[in-house]
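Read the structure below first, then the notes.
Going by the order they are written in, the chains are A, B, C and D; count residues from 1 in each one.
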């Protein structure tokens, strides 16, 4: 009696867990495809805010080991890069970030470069990119958003 | 993917705790105190941060992260204020967990009665 | 430790302990570990979901989302403890519920609820850290020692 | 009167004229619920603390016993009782309510038979006409003191036992109708060096064996003299370990006649792990279930061996071993009186 209920509980648990596992797997496949096609999001480079710096950065960074996706946004002064690292490469997260940072700084010495592996950075930049793509922002708002993200990233704990 | 690793790593840390319960017959108090000290040592040698990067909540939710956070707070202050900073900085990072537990403990005692 | 104690036993005691040991119901270690893995993993997974929720919808980063996540988990632990569910889950999950921060919350909250009958100051206030206190004591002290060693090493390295 | 070193034979055969048993919700769900005089659905018993609820449990058990025996509380000359809580306050406070002269006893879970043996002795020597004896325990009050807060999620190993919420009281007299107390053997403190507070049964078994064997030798009888030898709360492990010991010592005791209160009180499927325990366990099972069966004529002679583990949370933390004790009392009904 008691044994049966505990067994049932275990089964229930396993069944709740399996979807998580498989969900993760499908996710991974998608990311893998992203990587293969290098289908990073490209944002148009015309006016009002030229994103060619960001686009170029993304093309360069995505080819590096361990990086599965990149988002980037730039203004005339700032360059924000959010990188996504998956699986066991995450153990090297700090080193990867440092390397990317120094590489980009070499590429664009005139920009103030902020690189982060933070989820928040990635998601916020994703939103910004989409807004830029739709032209639903202007230089002033963009700068405001970027400053906000930068201050968030500075916060510790 | 982070969800998967959070589950696995968090689960494995709990398995270590269960082995301490069942095989070494330690009380929960002994087990949890040991895990906290282990977390602090792991952070001291710089291994806990990469684990958090890897497993996310799988490393921050188990009590081991408490030791990690205590060392972290102490080190942060120590970098700024030297040795005195160790004393003042210990609770810097962990204060949220402890104060949440105290506040909810007090609230709980106002609302609930033990059910038995 | 236990070996030292064993040596002091008289032959009769030793003999009985051997008999008793055979009759003692063994703890199902493997089964318990699997349960601890599943329940503990599940709690961490829930923690990750909460954390990502805070990062996505509020102005928190990986670095800063830890605090609200821990707070939320302890809040959930309070509800489960108060409604008398946490100890039931714990009987099943073992270390899976004790090791995550929810177990820390449960230790504090259960002691607080239990000792309410002795008044808020001496009962709740005085006993709240009855179980979780040792975790804080050893955590803080070991953190102090480790940070001290590390700081000294860094300074010497700097010299 | 005294047979051997530590066995009393009561010539007057004091009578248990009535008993009262009270249980909690968990016992109401158990195997012998119909044998309780009063069952509570709420662990709090409408009190504001578990300790107060514990006190009420024992008050009610005494009340029931007096009611059924047709005795006013002024007629009760002594109370001999105890429980497990620090300084046995619940029993003392309940005795304050009843108002009779009071001996507070502590023998952990063996208190019920310690009280019955002493009470029978007092009646036997005409020290009293009516007296009350009993024991009680309250699951959450005991857990709070000996283990963790009740809502704390500590996993209990399969060797642990569940503390009974219940109180049993018996009214003893020198004359009247009812089962008679014929002899008692007082236990020695036995320590086999066990230290696991989650395995009381295993620690207490040698004490039970020691007392039972002393009883049989000193009364110069065989174990077949008794229809039933019932231990207090050895639980599954303690019962098996004690049977092993009997076998090793060459004492013939059959599995059928050897039973345990801790295994009788709950039904299969209740999460009690190795069985019930607590001072209220043997008190409620013996004064309720077993005496009822006896009165129905199912058996005539039984030996009740209540076992107690004499540890405290403090002694456990100081790495002391667990000393144990067992008191045996023989109760007979019908047949040759």
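We adopt the following convention: a contact is a pair of C-beta atoms (placed from the backbone, for glycine too) under 8 Å apart; a residue touches a chain by one contact, two chains touch by 3 or more.
In this text the structure is predicted, and so the values were computed from the model without any measurement.
Asks: Which chain's centre, taken as the mean of its Cα atoms, is farthest from the centre of subunit B?
Replies: Most distant chain from subunit B: D.
Asks: If you average the Cα atoms of each chain, whose average lands nearest the overall Cα average?
Replies: Located nearest the centre of all protein C-alpha atoms is chain C.
Asks: I want to compare two interfaces, B-C and A-C. Which one has more contacting C-beta pairs?
Replies: B-C
Asks: How many Å are there between the centre of subunit B and the centre of subunit C, using C-alpha atoms for each centre?
Replies: 9
Asks: Starting from the mean Cα coordinates of subunit C and subunit D, work out the distance between those two points in Å.
Replies: 36
Asks: Once you find the CA centre of subunit B and the CA centre of subunit D, what distance in Å lies between them?
Replies: Between these chains, centre-to-centre, one finds 45 Å.
Asks: So which bits of subunit D are touching at least two other chains?
Replies: Only 50, 148-151, 154-155, 157, 271 qualify.
Asks: For subunit A, write out the residues touching at least two other chains, lowest number first.
Replies: If we look for residues of subunit A contacting two or more partner chains, we find 17, 20, 117, 156-157.
Asks: Among the residues of subunit C, pick out those that touch two or more other chains and give their numbers.
Replies: 27, 32, 35, 38-39, 41-42, 45, 52, 62, 66-67, 81-82, 84, 94-95, 98, 103, 107, 109-111, 113-115, 131
Asks: Would you pull the subunit A residues touching subunit B in the complex into a rising list?
Replies: Listed in rising order, the residues are 17, 20-21, 23-24, 27-28, 31, 86-88, 90-94, 117, 156-157.
Asks: Under the stated contact criterion, what part of subunit B meets subunit D in this complex?
Replies: 21-22, 25, 28, 113-116
Asks: Subunit C touches which residues of subunit D in the complex?
Replies: Subunit D residues touching subunit C: 48-51, 144, 148-159, 191-195, 199, 202, 205-206, 236-237, 240-241, 244-245, 248, 271, 274, 319.
Asks: Which of the residues in subunit B come into contact with subunit A in the complex?
Replies: Those residues of subunit B that touch subunit A are 1, 3-5, 7, 49-51, 53-54, 73, 76, 92-93.
Asks: Using the touch definition up top, name the residues of subunit C that touch subunit D in the complex.
Replies: 5, 8-9, 12-13, 16-17, 19-20, 22-28, 32, 81-82, 84, 86-87, 89-91, 93-95, 97-98, 103, 106-107, 109-111, 113-115, 117, 130-131
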